[in-house]
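Remarks on the structure that follows.
As written, the chains take the letters A, B, C and D, and residue 1 is the first residue of each chain.
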Amino acid sequence: MIDKVSKIADEIEEQIVGYRRDFHRYAESGWTEFRTASLVARRLTDLGYKVKVGRKVMREKDRMGLPSPQTLEKHWQRAVKQGGDKEFLTTVKGGFTGVVGILENGEGPTVGMRFDMDALDMHERKSPDHRPVKESFASVNDGVMHACGHDGHTATGLGVAEVLMRLKDQVHGTVKLVFQPAEEGVRGAKAMVSAGVVDDVDYMLAHHFFSGWETGEITGGRNDHLATSKFDVTFTGAPAHAGGSPNEGKNALLAAATAVLNLYAIPRHKDGATRINVGRLDAGTGRNIICAEAHLLVETRGSTTALNDYMYDHAIRILEAAAQMHNCSLKVQAMGSAKSANSDAELAKRVEKIALEIGGFSIRPPKGGGGSEDYTYMMERVQKNGGLATHIGVGASLGNWGHHTAEFDIDENALKSAIKLLSLVTLDITKKDQEQGK
Amino acid sequence: MIDKVSKIADEIEEQIVGYRRDFHRYAESGWTEFRTASLVARRLTDLGYKVKVGRKVMREKDRMGLPSPQTLEKHWQRAVKQGGDKEFLTTVKGGFTGVVGILENGEGPTVGMRFDMDALDMHERKSPDHRPVKESFASVNDGVMHACGHDGHTATGLGVAEVLMRLKDQVHGTVKLVFQPAEEGVRGAKAMVSAGVVDDVDYMLAHHFFSGWETGEITGGRNDHLATSKFDVTFTGAPAHAGGSPNEGKNALLAAATAVLNLYAIPRHKDGATRINVGRLDAGTGRNIICAEAHLLVETRGSTTALNDYMYDHAIRILEAAAQMHNCSLKVQAMGSAKSANSDAELAKRVEKIALEIGGFSIRPPKGGGGSEDYTYMMERVQKNGGLATHIGVGASLGNWGHHTAEFDIDENALKSAIKLLSLVTLDITKKDQEQGK
Amino acid sequence: MIDKVSKIADEIEEQIVGYRRDFHRYAESGWTEFRTASLVARRLTDLGYKVKVGRKVMREKDRMGLPSPQTLEKHWQRAVKQGGDKEFLTTVKGGFTGVVGILENGEGPTVGMRFDMDALDMHERKSPDHRPVKESFASVNDGVMHACGHDGHTATGLGVAEVLMRLKDQVHGTVKLVFQPAEEGVRGAKAMVSAGVVDDVDYMLAHHFFSGWETGEITGGRNDHLATSKFDVTFTGAPAHAGGSPNEGKNALLAAATAVLNLYAIPRHKDGATRINVGRLDAGTGRNIICAEAHLLVETRGSTTALNDYMYDHAIRILEAAAQMHNCSLKVQAMGSAKSANSDAELAKRVEKIALEIGGFSIRPPKGGGGSEDYTYMMERVQKNGGLATHIGVGASLGNWGHHTAEFDIDENALKSAIKLLSLVTLDITKKDQEQGK
Amino acid sequence: MIDKVSKIADEIEEQIVGYRRDFHRYAESGWTEFRTASLVARRLTDLGYKVKVGRKVMREKDRMGLPSPQTLEKHWQRAVKQGGDKEFLTTVKGGFTGVVGILENGEGPTVGMRFDMDALDMHERKSPDHRPVKESFASVNDGVMHACGHDGHTATGLGVAEVLMRLKDQVHGTVKLVFQPAEEGVRGAKAMVSAGVVDDVDYMLAHHFFSGWETGEITGGRNDHLATSKFDVTFTGAPAHAGGSPNEGKNALLAAATAVLNLYAIPRHKDGATRINVGRLDAGTGRNIICAEAHLLVETRGSTTALNDYMYDHAIRILEAAAQMHNCSLKVQAMGSAKSANSDAELAKRVEKIALEIGGFSIRPPKGGGGSEDYTYMMERVQKNGGLATHIGVGASLGNWGHHTAEFDIDENALKSAIKLLSLVTLDITKKDQEQGK
């Protein structure tokens, strides 16, 4: 089976690299992956997948941290101009950019795979020593850049789709390819999970390329994701002239300042690491007006979901009380969230075993972190239903550039490796005679 | 009439000074004026007044800032030993130390007079250069001292009572002599007012001796009282070991600290002076325990009742929110309050005119201040009912000692002057043929 | 003399109204009054005044609250295009828009007059029911509007200049016409005072039109200005990833929040009204970054200069300590300031007496307020030197529009009245045979 | 050698239990162990040890958290009455209650052992079901109780002293028995370490009885001590009348409240657990007086010494800034401190190996905690000098009573076991032919 898969992978490699460069060139950030999603949906359809797009795979109200309607519309128009698929562009309009491709072949387990598609709102390096510039696939969308490798993830997904479809007969069960929007800011996974997209999944996989790992290095199961909640806060009071009638104001800035001090003072927790931050506060208008409105960008984190919940619950109570204290109203808007999650060791080991069988891979310990990832929503849901889930780290080094920098790029050789690994794990899980460990 | 009154005043002067020295010697502080009140009630009864004492002239729940039941009991026992009137001691037990004496003589206006009876919890100077020591009437009750002249006020009240009873035929109307407990800390007047004691009063008078004014100086109507609310606050949270499980505590000290900062930050008011103070904070037990309980002594003030209400309402809202913020419960206990009040100019002028007719008085402008006085409750009630009220300042200088100091003493010559003034104002108001200005 | 002055005033009225409308049309806000100042300087020169402009009448470092160099340059270019005087535009470049015109005629007192020239950064009402629109003199400079009548003040100044020059022989002494930039935000007077512009003035006058007073009403001496300090504050700390290394940040937002709470908590002052406001706080960048920089717009006020100094000194100490507390550096930049000041009653009465002699005026009591005015710097300097100063209020009602609203306009009839009044007061002060009271 | 030691241990067991009960009966809390220390010094002297007491083994200024001179004197007088050793009582007067006994026998390593002697300020259970009551050795010093087993530690030390002296010939090297005061509150070790008491020690041992472990269970090396700093803080401002002149106060309570909020808000640290607590705040006098003095009891902790230092440094900076912010002075007084420390695994293993050879012991993993122990000062010093140190946990269960409860008691069988273990470890380290690993 390794040979069969490798052969197909060799055949499609150039095409897959082409996809990656196309997505890189037309980078789209969270919730505006109109072109990307429409082309993914088109390709999956063409390959023979049953494809579900947009509202069918996303619960509208659980989408977090959307851009303004104006921004969504502007970028949708851009997608139209940049060659998005006409049919599917209609479906994804308004920020419904999730796509699911399904391959069914009789009885057997369901294997889910998550691929994220969004770029970042940042400027790509324009210097000719930056390979995307030199080889002419740098982003043409100014201020948007694939600086975290999700272009590669999406291309990998299309490669896996082709391999598994060509070997459909060997797949005894169901494959669900989940193309997710807005992973950056941990905004997109929740809406797909709450729409039930992974409810029937027995084995859940996802991978992430790391520019800081040597190509070939992999970790079968990462465990270092912090649970997090991101939310925007608005205190609304009432203005008044600071000299003439200070008592008539309802000072939103006093509410915000009181909240800030008390948020940082949430007690440390005996069970492990917690975090809180008010990264931004924007309050008031003129110097001589009592501040009537204050906006805060807040996040909590915890080394477990329970610890993050502890922080979040305290934060909300503090914010509510601070508003009440200064006669202000309070609005809290969820902007993103992720869970802590542990990869199942059994599944992680299986991935690593197959990698070693394929060859060209070496195993490294789980990367230490402090970051967050909303794929954890999918892991949690699958594990809760009795399934197994893992998050695979894959080396793709092309230099020393960090993620989320203007110089970021990945080693495209990693694409083929990842396609082979994910395909073979799927085929292994769904092969006929095997005792499924579930 | 001046001659008649003067003659009686001369006759009783020695006796009145005796009363004053007796009250000074057996000083009793707020709500424990058991001996004083019982002797006042006895004397009024003996003079022929209709006397109401205790619960009949005080609404129980409106008594503020009472000492503990143990303290009340202990000092009541002291009053028994120190010669309180047996009959009335029963009535005033438990902190019901208000007394009202009524003289009725047919149709005519009702004149009310307020005399406060309480001493202060402080140590009297023991040095022989302190006249009460030299002349053997210093307080025998350690830690209690008449350092604000209320002993003189009470004695004046008994003098006025005798003068008016002897001249009863000249009184066409009703006289109500109100002997009030616990003026210090503005704790006692409200309970007498809410019991209706001054509801039928047409003209309300009270006087205060000032050691800083020359004897003979008077002000017919003081206007400088700040409205105030005094209250005790308790935040109750939950303890926890600060090293082992800090997250399990509910930190009452954090609630208190947040409250303190925000209390002082209540916006200034365009309409005039406001004040706030947390004079005392006592929180927590051991260094390594999350603080589970915090006690605060708070007061608000305003140059008008409305301004004090503004401060008080904001303070309560801040305290409630601070408790909620840190998961604590909140208890607020009223400990005292007073209103702002303006003496009616018409009545004040009348007092001053009579003083000048009596002779030996000179008029000075209303004293500037920053203090509070709960006689304002009585003024407000009478004025609301359409009556007139005034607060008279009377000089009683005997040196440079300030009120509320261990050296305080008053010029006893002022007693006779005050008796004459109050009696003559009452006789003037109740004389037969006069057009009452009400 | 009244007749002579009235005759000239009648002759020039149309021209003066034309000036006012021209300034209104080409409104320029504080420190960018390039066109206005250059035309004023030109006109004074043409009339025969000795004219000093720019650095000669302003100390550079005492100019407060300047716009950015870019903004200054842009608006200077606008002034060039809109017909500013070529010669003087060079002199006022860079925000040196003060102008002083001097008329000397032998021995005698020096009379100073202040006229402010700046408009506000706000949008003028575009509706045809707004007279400046209907009569085609609405501001052509979008976002700048004469909404406080300074266009009228400047025009009045040019009118007074012409009257006095024509009657130069009657002026026995010196006249100094001070055209001041940036009165809004109390930013411009200090630099002219510290350059010595009013050091030799014996009598200092200024007037302000009020749309809320009936035309004809005047107050000879206003006394209600609050002293104030306006300043911008920056806390600079250090950023850090809020999840990965929170301990490495220096949290400027925590410093700012601590400062805000403590600023509002500065104790009330026994001597009178005080004010503090943090009108705006802008802090931080991203949600997951410890905030490295926070900007605050602050102002203090006091009913006297001493009370404002009390607030300012406390504020600075609090800000410094808040910075130190969170390892941040602090920058405080003065953006404006004004003094409290009392008009000299003697001079105010003289103004009112002359107004009544002229006819058409009625006297009203000083307007109650809560605002600030940096003409107080000039009053203070003149009074300190033994001179007399007053601030005259002049009614100019044209409806109910408040100052600083988009609908503001003034009754142009008030221009002639003000010219007559200021001219006649000056002529009265400088007339030959008079005993000067100085 | 085990047999020899066991025989002596059997012989002295009753005597040692007698010591323990004597110390329990005459319990003395930190810095007042006058009787205990004098009797220890007497016994060591009688056994033949070279004994150093008081100032010779303690640096005066490094003693932390001493009681008042009055308390020291009162308890010293108590010790005199309760049969302290006359000679040594003189030496320990004033809180110099450390004792060191030295046994030297030629060349060889130096083995140090720490025994703490202090009781707690708490009331012992008086019920007859409490064994010390039933068997008549409950504390006769009201409000002082050995509720953490230090009576047993001290008795163990005297037992070890006798065993080693009897087997002096087998000791090739030096033994230093360090009897330390004031371990509770981590106050006493620092002063002995800074006096150089363990500077020459190659192997440092200490043990702690745990009522929660089965008798016989031991851990050769505990590693769970949190570093900690305990300190008292005083803000001193200035009082003022809250109604009359609030601006004249320097509000120590505002300083304290600001400090409290910011102390809890010290950023979490990426490297591990940190703690902060203000366990007690006592501020102000009367309700209507601006608070002039505030006292705080504070502690910081960290899972490493570096983390505690991080917390302490931030805390001090915050306190200093809070004082400056409100014009107050600041006093910080160290009241206790401890380090984090790891037992050397090599030495711990050696202890456990010998325990198993002796028999009657079982090994349990290091106890998890959250507590602090100032023996860590000695460990750190010895380890810094190239020596080895360990802290041994020893089970002594007699029921379910927790440490620091009124019902606490220990299984006295553990005394003999501990004597045998510590003696045999010492004899093993100092035996002639052994290669010393140092």
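Throughout what follows, a residue touches a chain if its C-beta (ideal position, glycine included) is under 8 Å from a C-beta of that chain, and two chains touch if they have at least 3 such contacts.
Just so you know, these numbers come straight off a predicted model, no measurement behind them.
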Note: of the two pairs C-D and A-C, more contacts are counted for A-C
Compare the CA centroid of chain B with every other chain's and tell me the farthest one.
-> A
So how far apart, in whole Å, are chain A and chain D when each is placed at the average of its C-alpha atoms?
-> 53
Could you grab the centroid distance between chain C and chain D? Build each centroid from C-alpha atoms only and quote it in angstrom.
-> 71
Roughly how far is chain A from chain C, going centre to centre by Cα mean, in whole Å?
-> 56
Interface hub residues of chain B, defined as touching at least two other chains = 244-246, 251, 254, 258, 261-262, 264-265, 267-268, 270, 275, 290, 370
Touching residues (chain side chain B, partner chain C) in the complex | 261-262, 264-265, 267-268, 270, 273-275, 370
Of all residues in chain D, those that touch chain B in their complex = 226, 228, 230, 241-246, 251, 253-254, 256-258, 260-261, 264, 275-291, 294, 297-299, 301, 335, 369-372
Would you mind writing out the residues of chain D in touch with chain C in their complex?
-> 244-249, 251, 254, 258, 261-262, 265, 267-271, 290, 310, 317-318, 320-322, 324-327
